[in-house]
Amino acid sequence: MKLATPPAPHEIAPNSVGRVMRLVIYALVPAIVMHVVFLGPGLIVQILLGVATALATEALALQLRRQPLWRFLSDGTAIITAMLIALCLPPLAPWWLVVSGTAFAILLAKHLFGGMGANPFNPAMVGYAVLLVSFPAQLTQWLAPNISGLQTVHLGFGDVLQTIFSGELPARLTWDAVTSPTPLATLRTQLALGQTMQEVRANPVFGILGGRGWEWINFATLVGGIWLLAMRIIRWQIPVALLAGIAVPAGILYAIDPGSYPGPIFHLTGGAAMLGAFFIATDPVSAATSDRGRLIYGAGIGVITYVIRTWGGYPDGIAFAVLLMNAAVPLIDRFTVPRIYGHPP
Amino acid sequence: MILALLVTAALTALLAATLLLPAQLSAAGEARLIERIDALLPQTQCGRCTFAGCKPYATALARGEADINQCPPGGPSTMIALAALLKRDARPVDPKFGVVPEVATVAWIDEPACIGCAKCIQVCPVDAIVGASKFMHTVIAAQCTGCELCIPPCPVDCIEMRPAAARA
Amino acid sequence: MLLHSHVRGGLQLVGHKRRSAASVRIAAAPAEVILALDQHTGLPAIALVKPGDAVAMGQPIAQPQSDISAWVHSPISGRVVAIEPRPAAHHRGELAPSIVIANDGEDRRHPANAPVDFASMDPLELCEHIARGGIVGLGGATFPTAAKLLQARACAHIHLILNGVECEPWISCDDLLMRERAHDVILGAHILCRSLGAAKCTIAIESDMPEARSAVRAALASDTASNIEVASVPSIYPAGGERQLITTLTGQEVPADGLPSDIGVVCQNVGTAAAIARWIRDGEPLIRRIVTLTGSGVREPVNVEVRIGTPLAQLIEDAGGYQQPIAELIMGGSMMGKTLPHDGVPVTKGTNCVIAATAADFHERGTEMPCIRCGNCAEACPASLLPQQLHWYALGKDLDALESHGLLDCIECGCCDYVCPSQIPLTQRFRDAKPALLETVDSRTRANDARLRFESREQRLTRLEAERRAKLDEKRKAFKDAR
Amino acid sequence: MSALLLILLSAVLVCYYAPTIPALNPFLAADHFDSAVGIAVASALTLIVVSPLSYLIEHALLAPRGLEQLRTLVFIIAVMAVAQLAGVAMRLSKRWMPVPTAFLLLMTSNSAVLGVAFLDTTRARTFSDSLLLGLGTGLAFALLLLMFTALQQRLRYANIPVMFRDTPAALVTVGLMALACMGFTGLIRE
């Protein structure tokens, strides 16, 4: 008799990184569906392009670094990075945007720092931020939501494909006809023109809570996020702190001057707050790791996002806020080590 | 023109004053630095660094009168810690001061051979040898730092270094 | 009794305890027993017998060599065959010096072992008597009980906790003991209270052991003393860890570098209490214990009362033998138990459970992936550590960070391993990293000690020098004056 | 705003690399965080004092006498004096690592560069403006330096491809931090 003598514990829960990432991908499905309903099938093309690029660059990087190929390709992290970048881009953005952004994210933000688990910055947000500062014009060409009164022309799937791959609209259309600024962008330009909040809100792009159509996309994102919470894939600290970090300053300023500042509900439903709170900031690798640290991290992202939205040069600030707080994570982790059992406070 | 010169001169005088200030206050700073250095040293008190113990070596280091590679018992790790604290270049421990020991050792007295001369007791820097004149001596292994200072004075060569027992 | 707090972290695990829940079976005495001299915590015992000596059941055959060590008694009557190194379970099948005794089948009792009246004994004398019974902690730690009692005697108002919380999966020996021998446990509690001068005693029982709880309650109902109470503790692993249990019951934390007695608590296993009761009441030292035999690999999972020193192979034979090819043989529970390379080792005082596990019993560990810092481990850690950070620092062998993040406070319960999505063997990593850190911490303490001794020597030498000079000056002066 | 942050980031990079350059020894980073805290505190102190001081020198000493051409010279002397004092303060305090003398020089030049940058790029119109500016820059510098040091410490055990170890990875890190700081573009209209 000669038995193997593995160390304790012998009981292990059936779990894997692949499972965690798969659940995150499932949780993104409602948001993607709503996105397609309101903004057309462009997102599907973007996701497919992004995922293909992500897998190809990931395979290349793994090959170069002599890492096991299948083990890391199948973990699903690269797919999520690509999906998040695609969700942030306008559905008709030219193909090279999503391709270059994803490749940059995988190669520079992930593998340069040692691959999965070691990247200090959220790869998806690095990819998106690089695109945002490099090609600001292309990133503002958002489609008008597919709601009567907003969308004046209908784009077929063929039109979408042609636009993405050629970078030109079909001859019968003009950019002015198909695009409409996002609610946050509208808000920013109108306020800059000296209008009051009431006048701004009268604009047809705004709905009851935030932007029309956008409200539903954000709601679907929230549903997916809550499902992730229920599945215990993410913890409540980061989303709650992040949303509070946006809502609290928004509420205070709204209470002081409702004429020039939109209220907290608008801020939570108008931009990428939900996606950021539940899917981007909760990337565990680049987030703070203790409970207290997560609260600080989430609140920091929320407040910085609000500051950039309200006073900065970009309509939304989630990406920059996430990257800034990513840089602060090791410092936060250093000062938020929980009290260990049996040690004085 | 004269005004400009005056202003510059006045400010330079101010600068000179602040530059002199640290000299006045350096005693307090030096004591703290010595303490910090001493905390990094292995406290074997063996004197291999050519100073009379760890604290004297720390003092010399703080005053820039010694190099950081003079402590064989501390080995590379102590040297690196000193280099980091004092912002000096890391360099291997100088073999001139002794060989870096591979395992910790403690002194052991061959008690039947001991004649009770008490010479080793006098040189032990940490009072780790007990015994009285004319009686045999014993090393308290738990307190011995392995400095080897007790070996040369022994007239009957009854002290040897043995690997320290693994401590719980 | 009101619980003060729940265990922090922890896991809800499938217990597999019902499998072995039939009543305790008394195993036949084996033909040969093997008694390791170092089967308790502390220094090994010194043999008192020689090969060829005749011994009686309960006769002391080895004596402790220091305060933290224990007596060893012969569990059978017969003849000493050999004193030689034999494979031992607590060394994972490696050799340990052991006394081998052949059974003559007569079970002749050692005449000197007699019942004593503990109520009339001085507490200190009682502690010493408990030591002579070879009693050690039967929860698995095998710390000599008398040493623990003596350490705690200095404190006033001691709260005695009897630990009946078998939080580890598969083990059910304490459950069965409390169900069937609740009176022994309660007598043991009285003896322990007397030896400690304890005012209060709590018997902690897991919430999913209703039979044990009602058995103990029933036994208490017929008991006149009222200082013993029963507490029900949620069945969360590791609620039965000594420190975790104390915090659950009292709301206080045991200081990291201290003992439970520092906060006025002494914790003993219920099995230990029952063993003490047998020694005091029947004059039978610790020569047998209840062992859970379970796992899909044995035909009849069961709890058996077995002589210490019985070879494992024979024990498994008693439970109907192996029924499927077994993958692992584990001594202890499935979370902290040690795997054995073969069944040629004897039962020791610390053997609470033997799991003959088939491949189907445990989920196979997947391929290890890098840590994604998900924090599941930190949520499960009962010591409030951050295993994800410790893992990172252990990879880099960063001893300073490992120390400040509390590596030495890790109790190796395995909760972090259990929940890790990356399937990292965290507990083993921490176990491997500990010796280097302990060495550093130890050498630092020694350096501080050496520094103090060096400084006090310097001061003494300066003082002596000054005194010598003063004397010399005085003499000179006297000489001058005389001239 | 983001221009100022970029200047701060480069100063951080210089601070981080300065102590390691002579040795190029990875072991030196052993207790880097503690020394970084010392440097951060000392630099923050210097910047907090330098900004209002330079305002005072400019508006109370030089401008009334028409000596603006002396600004840079006088300013550097003042910064050196303040940096010295900050070094002394660190030496006297019990909490922080003393800043090595060679480093004070670096701190001086950092502060001087930053200070000149304030004077030229921002129009601190009042004394309280300059006070706030000094406070903000000092704290931002300290925070960025500590963030960067902690980040580097986290990366130390990462399996970074060999050709990117140490300096390349650090430079990419700073690049990404700068990218994040771009978010503040247009926050203060200069």
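First chain written, first letter: the chains are A, B, C and D, and each begins at residue 1.
Throughout what follows, a residue touches a chain if its C-beta (ideal position, glycine included) is under 8 Å from a C-beta of that chain, and two chains touch if they have at least 3 such contacts.
None of these values were measured; they are calculated from a predicted model.
Student: Chains touching chain C and chain D alike, please list them.
Tutor: Of all the chains present, those in contact with both chain C and chain D are A, B.
Student: Using only alpha carbons, which chain's centroid is the nearest to the whole structure's centroid?
Tutor: C
Student: Centroid from C-alpha atoms only, then distance chain A to chain B, rounded to Å. What do you get?
Tutor: 57
Student: How many Å are there between the centre of chain A and the centre of chain D, using C-alpha atoms for each centre?
Tutor: That gives a centre separation of 33 Å.
Student: In angstrom, rounded to a whole number, how far apart do the mean CA points of chain B and chain D lie?
Tutor: Distance between chain centres, rounded to whole Å: 36 Å.
Student: Report the inter-chain centroid distance for chain A and chain C in whole angstrom, where each centroid is the mean of the CA atoms.
Tutor: Computed from C-alpha means, the inter-chain centre distance equals 51 Å.
Student: Among the residues of chain C, which are close enough to touch at least two other chains?
Tutor: Where chain C is concerned, no single residue meets two or more other chains.
Student: I need the residues of chain A touching at least two other chains; which ones are they?
Tutor: In chain A, residues 115, 118, 333 touch at least two other chains, as defined above.
Student: For chain D, give me the residues that contact two or more of the other chains.
Tutor: If we look for residues of chain D contacting two or more partner chains, we find 31, 154.
Student: Pairs of chains that touch, anyone?
Tutor: Inter-chain contacts occur between A-C, A-D, B-C, B-D, C-D.
Student: Which residues, counting only chain C, touch chain A once they are in their complex?
Tutor: By the definition above, chain C touches chain A via 8, 13, 92-93, 169, 243, 247, 253-258, 326-330, 332, 334-344, 355, 357, 362-367, 369-375, 378-379, 382-386, 388-389, 404-406, 409, 412-414, 417-423, 425, 427-428, 431.
Student: Okay, in this complex, where on chain B does chain C touch?
Tutor: Within the complex, chain B contacts chain C at residues 38, 41-45, 53-55, 104, 125-128, 142-143, 145, 167.
Student: Can you check the complex and tell me which residues of chain D touch chain B?
Tutor: Residues in contact with chain B: 19, 22-23, 25, 27-32, 35, 61-62, 65, 67, 70, 73-74, 77-78, 80-81, 84-85, 87-88, 91-92, 94, 97-98, 100, 102-103.
Student: Once bound in the complex, which stretches of chain C touch chain D?
Tutor: Touch residues, chain C against chain D: 392-393, 395-396, 398, 400.
Student: Give every residue of chain B touching chain D within the complex, in rising order.
Tutor: Within the complex, chain B contacts chain D at residues 3-4, 7-8, 11-12, 14-15, 18-19, 21-22, 25-26, 28-29, 32-33, 80-81, 83-87, 89-90.
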